[in-house]
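So, here's a batch of structures to check.
Next come two complexes built around subunit A: one with subunit B, the other with subunit C.
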Partner chain A sequence: MTDPRQATNALELKELSVAYRVGRRNRAVLRNVNLTIKAGEAYGLVGESGCGKSTVALSVVRYLPRNGSITGGSIALDGKDVMKLDAEALRRARADSVSMVYQDPGKALNPSLRIGRQLTEIFELTGVTGQAAEDKALAMLNRVRISDPASVMQRYPHQLSGGMQQRVAIAMALANDPSMLILDEPTTGLDATVEAEVLDLIGQLRRELSASILFISHNLAVVSNMCDRVGVLYAGMLVEEGSTRDVFNDPRHPYTVALLRCLPRGGQRKDQGRLDTIPGFLPGIGATIVGCAFADRCALATERCRAEPPPLYELGEGRLSRCHYHDRAQSLPRATPAEIAAVTPKQAPPVLQVEGLNKTYASHGRPLRAVKDVSVSLRPGETLGLVGESGSGKTTFARLLLGLVPPDDGGSIELEGKKLAPRLASRSEDQVKAVQIVFQNPDSALNRSHSIRHILSRALKRLGGLTGKTLDNRLEELVRSVRLTDRHLAVKPRQLSGGLKQRVAIARAFAGDPRIVVCDEPTSALDVSVQAAILNLLADLQSKQDVSYIFISHDLGVVRYLSDKIAVLYLGRIMEFGSSEAVFSGPHHPYTEALLSAVPKLDRTESARIRLDGDIPSAANPPTGCVFHTRCPRKIGTICETQEPELTEAQPGHTIRCHIPYDELARLQKPKAMEPA
Partner chain B sequence: MSATDSPVSLPPPDTAERSPWGEVLHSLSRSGTFLTGLGIVVFWIVCALFGQHFVPYDPLASDIINALTPPAADHWFGTDQLGRDVFSRVIIGSRDILTVAPLATILATIAGTALGLVIGYFRGIVDDIVSRVLEAFMAIPVVIIALLAIVALGTSKITVIVVIGLSFAPIIARTVRSAVLAERELDYVAAAKLRHEGALHTMFVEILPNVIPPILVETTVRLGYAIFAVATLSFMGFGIQPPSPDWGLSISSNYGMIGGGFWWTVLFDALAIASLVIGVNLVADGVHGAFND
Partner chain C sequence: MVFLGGQVLPGNVGRAILGPFADQRAVDALNHSLGVDRPLLVQYGSWIWNFLHGDMGTSYVFRAPVAPFVVDALGNSMKLALVAFVLVVPIGILGGVIAALNVNRPLDRIISLGGLSVTVLPEFVTGIILILIFGVWLRWLPIAAAWPKGAGILTQIYYLILPSLPLFLVLFGYIARMARSGMIEALDSDYTRTAVLKGLRWRTVIWRHVLRNALLPTITVIATQTGYLIGGLVVIETLFRYQGIGSLIFTAARGKDFPMLEAGILTIGIVYAVATLIADFLYSVLNPRIRLGAEQ
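For the complex of A and B:
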């Protein structure tokens, strides 16, 4: 018998239409989607959030929410029509041949059961019991390259890092040796390095398993590294499809072109111009679409586009584009003018001067040095980018600046030449309003019970010292400065999209004319199009108000776009500090080098990968000598294990903490120019 | 706006979607449990408010000649040992318990919420000390606290309200505390600190509105217990005082008669208490379900 996988397509969607019932009406979310994934193929599905990606995934296994229904078309898995399966056959298909991994590993893991129990349970379902099931579980953890699987088996999910949890979730998904693996944003919540590791893992597994993969992500670079072919989804329709290389290097639909342009690429920086954005927004679900769904946002749109729905044009070599003018898609004019008023860097005295800052937490009775001996300085209008894996001390450092946690004695923070009290409560009103923050998650940062007007007015009152008419006037100005309008004021946060909420959070931080704004991963939860608009906004506000940013992000392209200076942190220590140019163009600290090589790149240039093995060591028990020596690919010998290197000035303003001399680093790193996508 | 401004067109706010409270009301309106409970409770509230207009007899008027008549056409639930109409007394008997129990619950909610906010917000030593004291307090049965207080203060409705209110407050405080502990980790609380907001503002303006759902659920549950506690105290003679036709009181003055076969002097009051407690518990279940959907 031949393997049926070779004979048939792994997944075949034909004219699939799905609707959600909202307010007594069926609203279309997927519109006649045709999509085929061949056996062993990895297919990427991209598009802004809300375009229907997850709905595709959920339809395949018929896990649609209760108000969702398939209104037309067919789904075939391994040649079997999923819609004709009875309950038992469907259960078997889910157990035997399809597996799904979600963005949030918490969804797949039961918080109250040990990892070992959860894994063995899966095998027990397939009839393997006792020791045999346990052995299989252990083997599965080995397969997803978890270090010390035996101890992981004994732990509860919350005792694992996000990356480990996602590995376990993948292990569970692989337990049934699926022929089809569906990954819905599996790395969106993870750090750059952890993300890279998980992607590596998925890539390796793919070769071992010969499973077909449906890989869903809003991160184009991730998809480009992972997949053979991609489909671009817009308003529930496939608008472009082709091989990954073709689609990303030679896009034929204006939407794809626009998405790609939103990313800060090739080391683009804020003073070289603004990022392009996509004007307008996705049509709501169930919207009636005449003509081209993208017409409202497309600068190439003509009368014909508005009247005549474009078919999926076949462009040969498996390429498809749903655009009447696919041949000139790339001539799409920019939506956001790139030009910006030139900013002349001033040699003003530093607005922020941090000297020898330390923070020690107590962890199980042992000291945990979350921030160790950090010194940085920043001028008005500059951005300091903080880079490092999670657990490297970025957020603690930010909280020290803000006064939310007091630093250890000794060390100092000076704002415009005046010492800042360690505790927020003892800082003056002026100092408090001078240092503000934009948090990562606006759902947590904005009080869900308060209207936007309340939130911003309160900030203006407390931080701006305003009342009455002046407050109202300033409120209007503030709202306009983040490009919101009056009608956004009366609503509660939950009525706004993620990008709008983040604008409110930015407005709140700017209410008292701050000198320094900490931005802690402000765009990591946002679509590329929204991210571009937020980054532009931050850059605009900075050039107008001469405010300084402390910018934390695990997307190095984003950090590079906005930052003038970069501090690379590892286990609470600065490993490298310097101008953005110097840090990114190198020579770099070996850790920086590894971080940069972990960034998924759009053009799939296979640089020799510098890998970081294993998780970041515990800060409560840091390695001796150079704290990076346990993972350093360039470790030179025992000196690295016994002696902690000093942060030495490699070039004026560029310092590196490594035993390898600067010239030697330059020589070692020469052949590869490391560029983030 | 300057020349460098990036033009953006932003999506409008989504005003069509139901608010969380709308969502809760919607699910309550479809919950059989809640509606049944509500029906029972509303029935007794109507009796308490308007009973005097439709009861056939004055609940306090004795008629010794007709004492202890069994249920019949002119006295549906019979009469008690003073010849008072049991039906009228049961209907009007809802009045005191429906004043005292809710007021006690409201007192418990207000005191418990304030306490829970303070210990949840300040945590640390405040929490340690207050929580220990509350735990010790909660270990003593309500009835014993009530007895002690009433012996010391004398009986009055106010005493009953205060005693039950204060003995339930720690339980509500515990619920509020755990909700506040989760809430204070959210970034909007840090944002309030970064505006130098005072503790009172942060607790009552920022955090309180977000912990209302668990408070509401706990309050409805407590109301059921309060009704039970009031009836118990009245039965023991420490609660509502004669000549009120209160249910607990009536049972206490009549239960000696069951032996004589005069079951109707007790049964209907007992059923009334049971129905009100069940009604309130159904409401509580419904509210709990609606908030935890």
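For the complex of A and C:
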């Protein structure tokens, strides 16, 4: 404890205000933020997009966009006022004491320099050059546990996978042994298993290094696993702060309460009630705020809230809440009623029957089996969740269903008992209408130059064959069914928020009364409150219209919430298939087990995590025998390397592709009392 | 294409050479000796065949092999292009980089607007203005590009400065714009942020991280413009009475000297192709994503 750093705080923001200049006016983004991170502490900053989280990070390193400026307050790094530093001193501060890792490592690394060079230049700043710098770079790569660091040094960023790129970015950030490490959404956009690896790494490095951490994420569960204390940011203000355990288990601000309720937790399913949502929208940047910023969206708000801005009440034990009624925050009424119409299980014949579907691409002259021997069936009103890492064949499977790519000869896809032609062009109009898709990114899926009315009318014309008065009536109905209003019809997509755009995309898919809608990561780009609303909408539409979903998502909690059946894919093969309950509660395939254990959990019940080493192998050159044997933590012997296991029925309706017998899997997986997702 | 164009154009080769008062029999005899009375396909076949063997044909007008003319003209054109190139590439890139580093400030406005204004002016306009200013009024530079016989390199360059100035003006805008937008994109990129936050010196950030990525697209533009610099200078070469390949083609077209015309145009085509090839090659050498893409 003789570390001089103990004396000063690693980071201290005092009354920090930042504004962006938009349309010749300064608009407030951060409003008087006070925040202290002690030496060696990990502090999490959460909130929806647009709350100003990243602006905090960029202010600390003084790298605001050109139109951004700090309009008040102070920032102290290690006791030094960052705002008073001249250019050279600022450069030294960046070189010596603060580092930052952000989202999208592929862009953060210079595409035309070798990894080694990008690392050695950091050491050259401290006067270490040549071989010595190389050695230090190599040591740094070893430290972030990258496999084969010597060859990584010689490679360019595009030759590394996303997880490896982020490891390199972390290595670069830690190379100068910073006292402050800022992580801005470091795992967003990575696969769940890769995310888990990167988080593990950060956790381990924290113990080895002295750096304090500012961890920014929209993912509450990730923050809860990584941080000692957490601050909740809303409209550029800190609305709640406290120890992670307290804030997540006993929130004292209605916004925090509402955010936590939006997440499907503890294995919640669609038939157990709707998710709660947060009504209304975040105040736009620069909005004038009278009273409490959250009042418009808060069911507890009173006249006092609208007139008198609440101070940050001190609640003792380092807890703060910016709410007049912090003691009642948890009694916040639900914004969305939980109850839903009871669904009676149906025994209707399957709407979709897929048998022995294969798709082989040619890759550099070698066959690449993107989908291998997949058979599934789906009844009306059911959801099939597709789960697996990137490259497991989820999207290819969806494209085969949609007829965007033809499958190999052999297998068949039957829609309501009728065979679907392999190509979209040769499908009948009814069949085209019957299978629709909702994409991850509504921005690129909706034509920017058309109004919402035009987009939806066109869909109704093309898919529904409607014209004139009937079209107008149906349009109104459709718009109401996705809970948009008439005033949304006149605008162009860019004038709508992400959630509203996704509603339009869903309305478009439903224009022709589809039987099956493929949802490809429909909520991944959305905030949790918006995600909850979209999931509710999908569930409502399903119970009303008996439509079936193929639901693709990397968020297992979300998949579990919406799905009746789950197919776990790995290298194009189904590794496990069964009812959602059976797959999630287990016993499961070792791969499913690993996927589930990779999910960060809010309640911090840190179970022994199963780590998958390395990356998913290339489908062009799959491993022999069981394709998962190269990464399988439960590999039993040479049989796994030589013989591919059959997909065998373990229990009625639950099939697993593994050499380990079902009872044995049950015994192996029993000890952990773990509640996934 | 060129060959067909030449054949389809009205006019009789023999008549064009011998003049309107020549005897028709003489015209026919000439046509026969030139081989232009053979069927079109036969002519084309033998032309291609000869060209591939390095024989570009015989000029109708000069009654001598075309090749030495074309080679001479190409050499001259390349000299002019080289001078213009050496002037415009560094200055254009520098202008773009300076504009990008001062984006939306007065300096950027001056460079961008100035570059754009001179680019849109056709070279015969700027050429004439420049001749008036530097050649006639100030008398700093010779107005004709043809240097005295046996002049040394420096004199040759001296003579070529004025003709290359209009080219410089035309290309400066292009190159500066490309360099500017490439720079702005690179400066806004995440990897530049990474580099700055590493605490690297600003100069290192620019030289090592920004420039290389920023100038990749510019290289392609420069290379495609090289073709124009060598082959597209009919106006400039005529204006400055310079014996380049542009004026060679122009003269040949006027005199219906098809072998000369065809050889000249084909040569320019080859120059374009080679320039593009070099551009692609450079681009892939500088861009590891293309160079090493196949391993992925």
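Things worth noting here:
Here is the rule we use: the second predicted complex is superposed on the first by the 665 of 677 C-alpha atoms of A that agree within 3 Å, B and C clash if a C-alpha of one lies under 4 Å from a C-alpha of the other, contacts with A are read in each partner's own complex, and residues count from 1 in each chain.
Following the convention adopted for this analysis, a residue touches a chain if its C-beta (ideal position, glycine included) is under 8 Å from a C-beta of that chain, and two chains touch if they have at least 3 such contacts.
For clarity, every value in this text was computed on a predicted model and none was experimentally measured.
Superimposing the complexes on subunit A yields a three-chain arrangement in which subunit B and subunit C clash.
Contacts of A:61 after superposition on the shared chain: subunit C is touched, whereas subunit B is not.
Once chain A of one complex is fitted onto chain A of the other, the partner contacts of A:336 are limited to subunit B, with no touch recorded for subunit C. When both complexes are overlaid on chain A, the residue A:458 reaches subunit B alone and has no touch with subunit C. Shared-chain residue A:102: touches subunit C; no touch with subunit B.
Note on subunit A: of its two partners subunit C and subunit B, the one contacting more of its residues is B. Touch criterion met: A:112 reaches subunit C, while subunit B stays clear of it.
In the superposed model, A:280 lies in contact with subunit B only, and not with subunit C.
Judged by the touch definition given at the top, the superposed model places A:484 against subunit B, while subunit C stays out of reach.
When both structures are laid over each other on chain A, subunit B collides with subunit C only at 113-121; the other stretches in 23-31, 41-49, 113-121 or 275-283 stay clear. Comparing which residues of subunit A touch subunit B with which touch subunit C, the overlap is empty. Contact residues of subunit B toward subunit A in the complex are 1-17, 19-20, 186-188, 190-191, 193-197, 206, 209-210.
The touching residues of subunit C, when paired with subunit A in their complex, are 189-191, 193-202, 204, 208-209, 212-213, 216, 286-289, 292-296. Of all residues in subunit A, those touching subunit B in their complex are 23, 274, 277, 279-281, 335-337, 339-341, 402, 404, 424-425, 429, 432-433, 435-437, 439, 441, 444-450, 458-459, 462-463, 480, 483-485, 487-488, 490-492, 494-497, 499-500, 503, 508, 533, 536-537, 540, 543-544. Taken in their complex, subunit A has these residues touching subunit C: 61, 63, 87, 91-96, 98-100, 102, 104, 107-113, 121-122, 125, 156, 158-159, 169, 172, 176, 364.
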